[in-house]
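So that you can tell them apart, the chains are marked A, B, C and D in the order they are listed, and the count of residues begins at 1 in each.
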Amino acid sequence: MNTFGRNFRCTTFGESHGPALGVVVDGCPPGIPFSEEDVRPLLERRRPGTGILVSARREPDEVRILSGTFSGMTTGMPVAMAVGNRDVRSGDYEALKDVFRPGHADVTYAQKYGIRDYRGGGRSSGRETVARVCAGALALRVLEPHGIRIAGRAVEIGGVADPASMEAAILDAKDAGDSVGGIVEIVASGCPPGLGDPVFGKLDALLAAAMMGIGAVKGVEIGDGFAAARMRGSEQNDPMTAAGFASNHAGGILGGISTGAEIVVRIAVKPTPSISLPQATVDSRGRETEIRISGRHDPCIVPRIIPVAESMAALVLADALLENQKYRPYTQTQEPAR
Amino acid sequence: MNTFGRNFRCTTFGESHGPALGVVVDGCPPGIPFSEEDVRPLLERRRPGTGILVSARREPDEVRILSGTFSGMTTGMPVAMAVGNRDVRSGDYEALKDVFRPGHADVTYAQKYGIRDYRGGGRSSGRETVARVCAGALALRVLEPHGIRIAGRAVEIGGVADPASMEAAILDAKDAGDSVGGIVEIVASGCPPGLGDPVFGKLDALLAAAMMGIGAVKGVEIGDGFAAARMRGSEQNDPMTAAGFASNHAGGILGGISTGAEIVVRIAVKPTPSISLPQATVDSRGRETEIRISGRHDPCIVPRIIPVAESMAALVLADALLENQKYRPYTQTQEPAR
Amino acid sequence: MNTFGRNFRCTTFGESHGPALGVVVDGCPPGIPFSEEDVRPLLERRRPGTGILVSARREPDEVRILSGTFSGMTTGMPVAMAVGNRDVRSGDYEALKDVFRPGHADVTYAQKYGIRDYRGGGRSSGRETVARVCAGALALRVLEPHGIRIAGRAVEIGGVADPASMEAAILDAKDAGDSVGGIVEIVASGCPPGLGDPVFGKLDALLAAAMMGIGAVKGVEIGDGFAAARMRGSEQNDPMTAAGFASNHAGGILGGISTGAEIVVRIAVKPTPSISLPQATVDSRGRETEIRISGRHDPCIVPRIIPVAESMAALVLADALLENQKYRPYTQTQEPAR
Amino acid sequence: MNTFGRNFRCTTFGESHGPALGVVVDGCPPGIPFSEEDVRPLLERRRPGTGILVSARREPDEVRILSGTFSGMTTGMPVAMAVGNRDVRSGDYEALKDVFRPGHADVTYAQKYGIRDYRGGGRSSGRETVARVCAGALALRVLEPHGIRIAGRAVEIGGVADPASMEAAILDAKDAGDSVGGIVEIVASGCPPGLGDPVFGKLDALLAAAMMGIGAVKGVEIGDGFAAARMRGSEQNDPMTAAGFASNHAGGILGGISTGAEIVVRIAVKPTPSISLPQATVDSRGRETEIRISGRHDPCIVPRIIPVAESMAALVLADALLENQKYRPYTQTQEPAR
């Protein structure tokens, strides 16, 4: 399943070292101003090789819109975008052809498909998120006129919550040939009440799927999240006043439906599995061996995952927004509850 | 969206105080032995009124299979099941008709739909999970011949991890007119490698959506979960040996695909929002008021949520299993990787 | 796949001789007045045993709404409806248990599923359409305030186009122990322009699937249909004037999207396969035998298929209408083209 | 909706005069040999400019596989293919910018979306079928090892059934500044019994949607089709013998499920709407005007629609085949019925 969304539907394609990665967005409303310029800043934030701390692959990630716009605006037709893979040193990966990297999808892909593109992880590569960011950029343009904004930040890296010390935590791990993870918080503000559906289409369920579908994410929480499990009802409930909710323990979602308060999602990012320390593993014939992964690898992908998580949140919200508009003629004469 | 799954598709219906709740399972394989007897034990575990600690609604929850079985076996046709609502004291809820209960979906349903069945929460009631448990019972029967078993347990209630003290924590809260939440762990054993798909159909993404789609769940984590964010790569990666994985930090899923190790999911359950302590709220016209919720309410729903979470896990796995079988003719000649 | 539609989604269940047939409609807008009374007239038109010409099963087909309405209006929650099977003379079918009826799905169900409910055709019975008619009745209520009306009629029975002679054609066939088919025309008037989507979601493609999905239908055509294949472009094109289209060869759909003109669909209904004349067939072990089908069978199902085809058309249009509303905020400021 | 299929899912994109057209096929099994060479012959048959009778656009239609293959085989990942638009004389279309061509989607797109790419019909152009043919070529490779073959032919053009006279019929129309349509028959042989599902997923319903979703198709019939409406049951039923069906009036499908006999589908293709004769129409402001469409237009698109219809049939069958394999472990121990 390489499609995400019911109304604003993104289908992504491409491998780390194939000709191109890309996405087709079907269901985008017509009349949205959109060009390659809208994608670049988000792609740039996702891009490796922009700091000393991150991996050194230097492809420019030039996106090309192949369809669905006319005179700088979307037409309601599928918007296809592609990014070529130019800096593909496949040779680096020959050594990994028959060895499964711990913490990677190598072993599971081999088991499931029998055949795999072993160069740079193929489809399981983090590079696949380039396509999500392209779609996310379009989703953000759809959300913009509705006043919905999405912002992510690292709230913890390598166990460190103080931003000033995060870089040091990453460098420490790097010097040790190791890696660190962290926690990212995504906040969506300006969301109208009413997004999301009861039961299986709960907005928090959709956000959970979106976030857990990003490689390296091992946990998702909304509002108080796991802390809520240790609170009493009298603490966790948000009192309502004539001016709105008096607090936001719920993280902006009640019964799966947005309340109008800020939507707050946090995700746990595991440490980069590619490390230069030696690790015990097996090869494709099941024989035990040891692996040391050299080459350009991020000791911490938390900063680069932020625009991806923002993009996924944007996809969920754009999808929910369109879903909601479908029923508006039947509900709009009602006074909003508050 | 009241449908869950792509291959083993469950569509649920019903409100807390309507004529009946139920589910239609479309895509169930033929030849699975199944009768009402298979549903009862799971329904019984979900049922209120079975202990001193839980709410006193005493409906027997008799399920009836309406279609899709013949001579005690599924036929491949949709399996519809319904459970009547007999013990419906709607009168209890008249007082809540115009007041929004904090921590409940009352306010969001009113805002979204303009009209709502206010009796007992209507569709947002925890009673909706009766339908999920019916479908889950069928899913478990599908998984059984494959050797897949699912077991859940409370690992923490009201901040207490010692099972012996959990009941006391609940009673304490009850005495204070308050409520507690907790953490449930679901373990699926016997899963073959290869379940789940890359990118948006990752098995962990599907499990996250399934779990976060249960009312009161505020967080989901797989394997090390949030703890992974504080580990180094050398700790978090699971080394591979000729005998299999040497550890299971990943929680049985790598790159979104099952590894064959136990699948471990933990969910954070918020404290029951219905408490008898006074709470500030508003009525349907936005006027401030105070609410004290009397009546039969669980001070802790953690025990009753366990069979629901097991059911949701079973739905995800049955769905992934069918998805996987689709491609087997193309991969089965391959030697398993290990 | 027992679900139809993307927005107004119907999932049907039930066999001819099981406990009940029914449907769950998910995605119905809130605030639509709806009760059992709205379903009865359509069910009555579909019902056998109402004339001398049709089969004599006399079940009253009492529908019960199980969920999704409150105070006589839909709530936006799934609307489940069930019709019990009361008049189930399963004994009639014991003789057919091991013999495949020509022109029926008996042989294909047995091949595909290994197990089948042989009583009255099970799920492949025409009785399955009871569920579609229930859903269709709700769809018609959704279309009503938009001014969309749907009407079907037999334009040909047994090769006879004159309504006065149709009954005679049926009786002739009946006397011969045989059966006849016919052609039904469905006209939807009042449809706004803009329903349907380019490419795979063309309104005519959706109508074709809806109609061909009715048992016994062997052909579908829109507007001029097969006659268009023999016309020249100058005849088939509909000229446009300031007052609208000067003709309606297109049958109300251009490029898959409604034009605002009447939508005209015709379907070919094959003769009832159950006939009392002797037919060559095989049994479940592949041995040749002869079959004479006695019992209550319609010599012509054309009249009873009309409300079913109307219902399917209503489902398609309700679905397309909701799909369309999703994008209205982005297009409504545009002047309509004409 | 630009996605077709549930298991073998094709999402197409692109406009007649945009940068590229293409398709992403998600759900293709791994291990299928596939390269650009497999697409070319089908694309060539669809291509204009290859005969004196068809339009003179001469783009080479070079397809490029962007993802999903490795070492000449599919990997189970999405297969993206793109075809650039090189010969784009957009200038030709400036004159049509504000005038709606009769029989075309111009007016409906303008009404629905407010904005449209008027160059060559944009997304509603017949050129969109390039993407379907790319996907169809892959589907044919999936069907091949199962022994399934698909062949289409024109059985009637301009009312003429004799192949020798078809070209003359087209030239006659061309000389008159007019156009002709025709009937195409698609036959799929080698299909196993059991493809297709009861109710809404009937194989004939899926084929009907696939065919009616091709622009210019106004009718679809299976087996006897509309002729069945004039037959008696004793003529239309196919007797069964120990050697199989004695006839194939059903066109290879009973109860929506393939019987193992040849699947026979016929489609009615309307005459090309672009003709050089003068036609009454309106402009985008609703003012009456006259249009004469000059330029490179086929007087008959029937020959070029054949590979498109074959491709759509291949997509339906590949999809149904995968759907079927899902349930095989539950049914394969059963003896085939015959």
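FYI, contacts are C-beta pairs under 8 Å (C-beta built on N, C-alpha and C of every residue); 3 or more make two chains touch, one makes a residue touch a chain.
Just so it is clear, the structure is predicted and the values come from calculations on it, not from any experiment.
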Among the chains, which is located farthest from chain B on the basis of C-alpha centroids? D
What is the Cα-based rotation angle between copies chain A and chain B, on a 0 to 180° scale and rounded to a multiple of 5? 180
Contact-richer chain pair (by C-beta pairs counted) among A-D and A-C: A-D
How many Å are there between the centre of chain A and the centre of chain B, using C-alpha atoms for each centre? 25
Rounded to the nearest Å, the gap between Cα centres of chain A and chain D is 37
Using the average of all C-alpha atoms in each chain as its centre, how far is it in Å between chain A and chain C? 43
Return the residues of chain B touching two or more other chains; collapse runs of consecutive numbers into ranges. 1-3, 12, 30-31, 76-77, 112-114, 123, 198, 330-331
Applying the document's contact rule, which stretches of chain A touch chain B when the two form their complex? 1-4, 6, 12, 100, 102-105, 107-114, 123-124, 128, 156, 158-159, 173, 176, 178-183, 193-194, 197-202, 204-213, 215, 218-242, 246, 250-251, 254-260, 268-275, 277, 279-282, 284, 286-288, 324, 330-331, 333-334, 336-338
Spell out the residues on chain B that touch chain D in their complex, using ranges where they run on. 7, 29-32, 76-77, 198, 322-323, 325-331
Chain A residues touching chain D - in the complex, by the definition given at the top: 1-3, 9, 11-15, 18-22, 24, 26-27, 30-31, 64-68, 70-71, 73, 75-80, 82, 112-117, 122-123
